[in-house]
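Worksheet: one structure, shown below.
Letters A, B, C and D mark the chains as written, and numbering starts fresh at 1 in each.
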Amino acid sequence: MAQASPPSFFDRTVGQLREVWRDLSLRAWPGGGNGFRPNLPDEDAARLRQRIAECVASRGGEVSARARAAEIGRAYLSLAPEGRHRFLSILAQDFAADRETVDEAILAYRQAKDTVELAAAEESLRDALAAPRVRLLKQLTTLPDGFKFLIDLRAELLDHLKDDPTLRGLDRDLQELFTSWFDIGLLTLERIGWDSPAALLEKLIAYEAVHEIRSWSDLKNRLDSDRRCFAIFHPSIPLEPLIFVEVALVNGLADDIHKLLDEGAPRAESAEADTAIFYSISNTQKGLRGISFGDFLIKKVVESLLRDMPNLKTFATLSPVPGFRRWLDTQLAAAPANDEPPRRRFGGANGDMSAAKLREALARPDWLQDAALAEAMEEPMRRWCARYLCQEKSGGKALDAVARFHLANGARLERINWLADRSPKGLKESYGLMVNYLYRLGDIEANHDAYVGQGQVVASPAIKALLKP
Amino acid sequence: MAQASPPSFFDRTVGQLREVWRDLSLRAWPGGGNGFRPNLPDEDAARLRQRIAECVASRGGEVSARARAAEIGRAYLSLAPEGRHRFLSILAQDFAADRETVDEAILAYRQAKDTVELAAAEESLRDALAAPRVRLLKQLTTLPDGFKFLIDLRAELLDHLKDDPTLRGLDRDLQELFTSWFDIGLLTLERIGWDSPAALLEKLIAYEAVHEIRSWSDLKNRLDSDRRCFAIFHPSIPLEPLIFVEVALVNGLADDIHKLLDEGAPRAESAEADTAIFYSISNTQKGLRGISFGDFLIKKVVESLLRDMPNLKTFATLSPVPGFRRWLDTQLAAAPANDEPPRRRFGGANGDMSAAKLREALARPDWLQDAALAEAMEEPMRRWCARYLCQEKSGGKALDAVARFHLANGARLERINWLADRSPKGLKESYGLMVNYLYRLGDIEANHDAYVGQGQVVASPAIKALLKP
Amino acid sequence: MAQASPPSFFDRTVGQLREVWRDLSLRAWPGGGNGFRPNLPDEDAARLRQRIAECVASRGGEVSARARAAEIGRAYLSLAPEGRHRFLSILAQDFAADRETVDEAILAYRQAKDTVELAAAEESLRDALAAPRVRLLKQLTTLPDGFKFLIDLRAELLDHLKDDPTLRGLDRDLQELFTSWFDIGLLTLERIGWDSPAALLEKLIAYEAVHEIRSWSDLKNRLDSDRRCFAIFHPSIPLEPLIFVEVALVNGLADDIHKLLDEGAPRAESAEADTAIFYSISNTQKGLRGISFGDFLIKKVVESLLRDMPNLKTFATLSPVPGFRRWLDTQLAAAPANDEPPRRRFGGANGDMSAAKLREALARPDWLQDAALAEAMEEPMRRWCARYLCQEKSGGKALDAVARFHLANGARLERINWLADRSPKGLKESYGLMVNYLYRLGDIEANHDAYVGQGQVVASPAIKALLKP
Amino acid sequence: MAQASPPSFFDRTVGQLREVWRDLSLRAWPGGGNGFRPNLPDEDAARLRQRIAECVASRGGEVSARARAAEIGRAYLSLAPEGRHRFLSILAQDFAADRETVDEAILAYRQAKDTVELAAAEESLRDALAAPRVRLLKQLTTLPDGFKFLIDLRAELLDHLKDDPTLRGLDRDLQELFTSWFDIGLLTLERIGWDSPAALLEKLIAYEAVHEIRSWSDLKNRLDSDRRCFAIFHPSIPLEPLIFVEVALVNGLADDIHKLLDEGAPRAESAEADTAIFYSISNTQKGLRGISFGDFLIKKVVESLLRDMPNLKTFATLSPVPGFRRWLDTQLAAAPANDEPPRRRFGGANGDMSAAKLREALARPDWLQDAALAEAMEEPMRRWCARYLCQEKSGGKALDAVARFHLANGARLERINWLADRSPKGLKESYGLMVNYLYRLGDIEANHDAYVGQGQVVASPAIKALLKP
């Protein structure tokens, strides 16, 4: 729906405070760009530089500066992608820290003689290193939707970052600000249910990144009495979940995502469940990249579930293995055309299928329909997957992104489930394999230290057995 | 009321997450100091260093580190003043930035050749300058009452700061963290009334710094239908006002604080009021020194009042002049013993009273009871006060602390009221004088710029007339 | 989704209060019918009678009686339609007032000699007339969903009432109880928006009775910033609207429902609207028949809108005319086959179209597509409609149900809009005509009295002109 | 604080709905009595009758009638006690049921031939018996504070009832309305704490009827972490508790009220408590006499406590015995002057003290200070009290009012505590004795039935032993 244009802001005397506060909205108005043309040509860019400089100088006092900052924010929203990129470049290059001031502060630092002088010099140096643009970024927080605006701005910046490394300083500033503003001491965990606001629930539908929510009725099923959904919120962005998790209350480790997502399945008695399965975790704000909420989320959710349902004994995930297929295809492509079954490597008869045969099987369009074949593939596929998850590393961390997340949180790789996700996405990513990561409260610390310290993947005996030849 | 000691924390396996979360409280327990002796002797200090180092290293993952941080916090609370000072010193000296790392980062910075390299070098230098203790401080925020704990810790640190400048670096770290955490984008303005929680209202009684609240019934009167009270809150410290203001809805500028505080006075019809008088503004958290909320508070309150009561035309204060008496006494002491009335200086007959006579009058214990004398003193006292407020500066700012606050917010010095506060405190601070500062929305920006830019005190014509000879 | 059966309730000792309270739910459990067979055969009916008698006697105290009442409620929910009818008959016949007791009370009443004796006798007589079943009905309110259960029970009873007049006494008891329990002093008006709970919004979709809500996106459009939606709630049934109204903020009287329902239409600036159009009012609870909320709803909504948007000048509806087509078809069928245009009756050339011609036109399947024809029909159709609404009565009230509602509320019949609802339903009910009823605050009382007292339909001059020959 | 008078209401056109709703307040205005003189002389009474008749006739529609009802309510508030009594008499006598109409309905009832006719006749008779004043009473509920107004009106009526039995019919009407409006299905149990609104807490101070709350600090102690306070609320009177209970969490049955009320006593660890002691239960609304909340309160509180603290094993009271001293004094006065110790009656040596000796001891002003004497009195006093509570009846119920309440709720008389309340009130009422009533969940039903059915006081073996000779 189109929105009419509001009265121009710059026409007002800044002193009309009453209206000022009312107009601090950052929503984009068609024609509300304060005269900046969409692609921000040179003369507009000059004018923008001027406006930003005024904000940074806090002329007229902090409250007025924030009103002007709102206009700049609104101008940004009115720009075309090219103009926005230019806007970001201006911030990055024209409002960076002043090298000369830094050099002076460095000099003073080097001459500091005792603790006291050093503390003062450190402070001066830190101040000198703080880019003036940071003042503008901070001013934008007081505005309605200010935090969300900055998150979205960074999301756009990240799109440019690869091709335009000059934006990196601005990106660092934003990340640093976000690290403080989204300190987990400020965040709250809230349960989401069918009685949550529709305005919030529609965002779950939009943000769900693991198993797409197909409709409001699919969503309602995921919020039923044998399910739980939790999200983390920031107090200044009330209807915007930062990360959320969907949990199924079941008996025993779940091994098939389709059962969990089936709207027609009978509802379980949640009071009798002994296991909580985290079957979907979605980060929602690309612009908060580098700010981690997942560890906090999982542990807070475990705490909350335990309080309400003391019967719960097991906390585990049913997780995708997003990088497995790509890795496996490469491995299999490299295998000799007609190799022997790797008897020595994989041992028992069950696991007997050579890489070539497996490659051949996976190449058949109907392998999934061929029940006997699919069954024969189970053991070797689970072996390959165990190898992928436990032994393939990149920079000392697990190669698989989801594994990285859970292992760093202190989970243990518990079980590999063949054909647990037979959706097109599941087949495309991992040939249908899914994994349970187990969160055992008494082991979390040790698991974390083993993984983070020595890069060791803690796995169940069953998984370890799969690794044996 | 004494509290029993909880089970010791270190006895537990850290993996017992459920209890861990429950015990993250930072309340002081007698005997809950984890074995640290109150004065923190050397061996205990060594053990504390060790514990802090573990937190800073985030061993066992972030959530576990925060559990350990809670213990350190609890230990702090169990210490005697001397032990706490030592604790702060350890943080300040043993967990400061590492000079060697900084020097390396400086070297890299100096060698940076282009924008991209520079941004990376700046980041490294900033990282190097971040003291490791900051990690511990951040970990404390997730705990219940964590922010309040840090605020109170800084309040204690500030007490030591004058005598122990080595704490300055730690103080700067805290101030910087608070600047982000208490960003006004995170704060909310809330109206406080008699239906607010008692747990909150008792804090108003405790924190009121300008005109003491004598009882719950005095407080109830200040929250009556012709009054307003607003406070600023941080979402993570829900029952703790950061700053609050008391407002009376009246007709015309108030010139007598006793009328406003009289519990027996008839209640006015607030709907018919044309003036909002801010008669008390109290900062509540010493530990947030340097983080300013007042400007934001006043402007948000004006906005809120205007929305509900469009009849309001005037927003002004009835403020103390805390430094006047001390200044005036010095001035008068310096005056010649038997001087002539300063006719040329103060002009008309009304203002005629020499400094010596004034000094003499003020020295009489009964001057306030002598109505004729008090009346004769009015004009000269107002003249002296005008001079004090408009012409006396310190570092380019007004000498009077309250004046500094309102002038920097863009208010105008409007009127000086003789005998407006006849309480012992009022007489002791300012011989009973009070002042109205006027917030005229259209002038706030210009006033602010005049004051902050040129140090100019914007005053009403009536005040200016008092300055004329 | 199917629900598992809970543990049987009668197996428990009633003293296990903790569980008792937890199991007071009235939700239907498959197999949770406590052994009552679905069609309630004679022996089960006898057992039910026994149970009800125990509740009515409050054996074991009031709280226990209510626990037993819950079981009876659950048993009802487990019955098939035939069994439920039988259940209702038992209540109606076996737990009615005792005639003998009433006769005794009548005797005492007749012998009462003074005011005091009379008051006592009246009280005894009233008590005697109170059917014992009322105790059971009251006990059901403490249970979760108790009020909703009773509302739904009455809705089912109403379905039987026409064919089974023996249920009438029970129906009267329910209506009387509802009249007290749903006293408007207990109800609250709440604004509904896109940030309302999904569990509530899905009920709007289900309950909307006037213009079907086709999807969640249709609903979102109806809750947009240029719309308002209000509902009345009972505090014990929080997510269940009793009646709700949808309002469009526009300029001038709306004359076309399609414009209001168009999801693609531009959003208006609500602050500039001068007119609030009530375009849909839906009662949601059949079981509350005879309890009227509409008058209260409209006046509370007007009050609420005025408070937020003082610019609003006009409050009116855009309403269907549900009985018009049926009435008109009968009228036209009775008209002579080839009559002259009723010149004398309808006057001017514009209105010229004989009943026979109109009948013929309406019989054409494409009359709506024939723009010229449709235009020619406008005037005569509006005349017929004016006659229908102003002059056709039943029992002294307007024949049209919607007209009855608004006229009794004090509205004035303002305008008849040709082709304002071209949906199949609109055409089927009223050949596309819709009506504006105008709520003018200063006239509501007089309008109400004229209509309720003398059966007079207050209409605008324009409508009156349509009635002139 | 005095309030200014509002603009007169009758001056307005009733159509000014916007103001109408705003002025429906029932607060008393000085001079807001609409011209009714305080003592309501005859001509004013006539005018009042006229106004009430208009309301009852609902002229102008229901909403307007309610606006007029507000004026009548306001007029009532402006009257002096004599005028209010007259107002009540008018309602009682001039707006009672019409005897003629009732007689006609009786005739129809007698002629009813079948169930259907009977149901209709019953309904007509009930309608005829409904006094017209009830319409006015119902109209007052929509107004702000309407329910509270009616409760207070009945409280005043009850004061007159003994001397003026003509008000009885009106009293019955009010009680019947309250029975529906305050149905426990509409009420909520809420925990009250130090973070509850001060406006609510000040009512606890005012309403506490058992152990006076001496100050805000006394109250704060009663809301500490080892205490619980619960109240029952009606949704339309949000800050007005209907009944509340104070609970102490302790270990073992409490036997001394002073320990519970001691502000300086150490706070217990509530998580370790095994017993919840209900040490004060206060009904707050005299006007709700006859509407019982206590049973519901206790059982809901037990449920709520159990949910949070599964460790609790025992639920009991520490209750006063308000009628004991009066009863005992009478008994002892009747005893012979110098009787022998009732050896045979009270058995063992411990209980040896004759009635005459006891009378003599109690007559000594210092008996409480004489520790040996007080100890010697313990056993005989407990025996007398056991006899008082278990054997003294009035109308089949326990003579003691507090005993009546708990026994009817299904509690068991558990223990008699000598010198448990040594306050002046405790000594005056019961010579310092207090009693524990025990709520054992599994026995509540049987206890209730034994007491209500056979008038049997269920007591512990220890109490029964005290009854033995």
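Throughout what follows, contacts are C-beta pairs under 8 Å (C-beta built on N, C-alpha and C of every residue); 3 or more make two chains touch, one makes a residue touch a chain.
The structure presented is a predicted model; accordingly, all values stated were derived computationally and were not measured.
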Minimal step count in the chain contact network, chain A to chain D: 2
From chain B, the most remote chain by mean C-alpha position: C
Turn needed to bring chain C onto chain D - CA fit, degrees, nearest 5: 180
Centre-to-centre distance between chain B and chain A (centres being mean Cα positions), rounded to whole Å: 38
Whole-Å separation of chain centres (CA-atom averages), chain B against chain D: 48
Inter-centroid spacing, chain C versus chain B (mean Cα positions, whole Å): 58
Shared-contact residues (touching 2 or more other chains) in chain D: none
Pairwise chain contacts under the document criterion: A-B, A-C, B-D, C-D
Complex contacts: residues of chain B adjacent to chain D: 1-4, 194-202, 216, 220-221, 224, 239, 264-269
Chain A to chain B touching residues, read off their complex: 13-18, 21, 59-64, 92-93, 96-97, 99, 102, 106, 109-110, 115-116, 118-120, 122-123, 125-126, 129, 138, 140-143, 146-147, 165-166, 168-169, 172, 176-177, 180-181, 183-186, 235-236, 295-296, 299-300, 302-303, 306, 408-410, 440-446, 448-449, 452
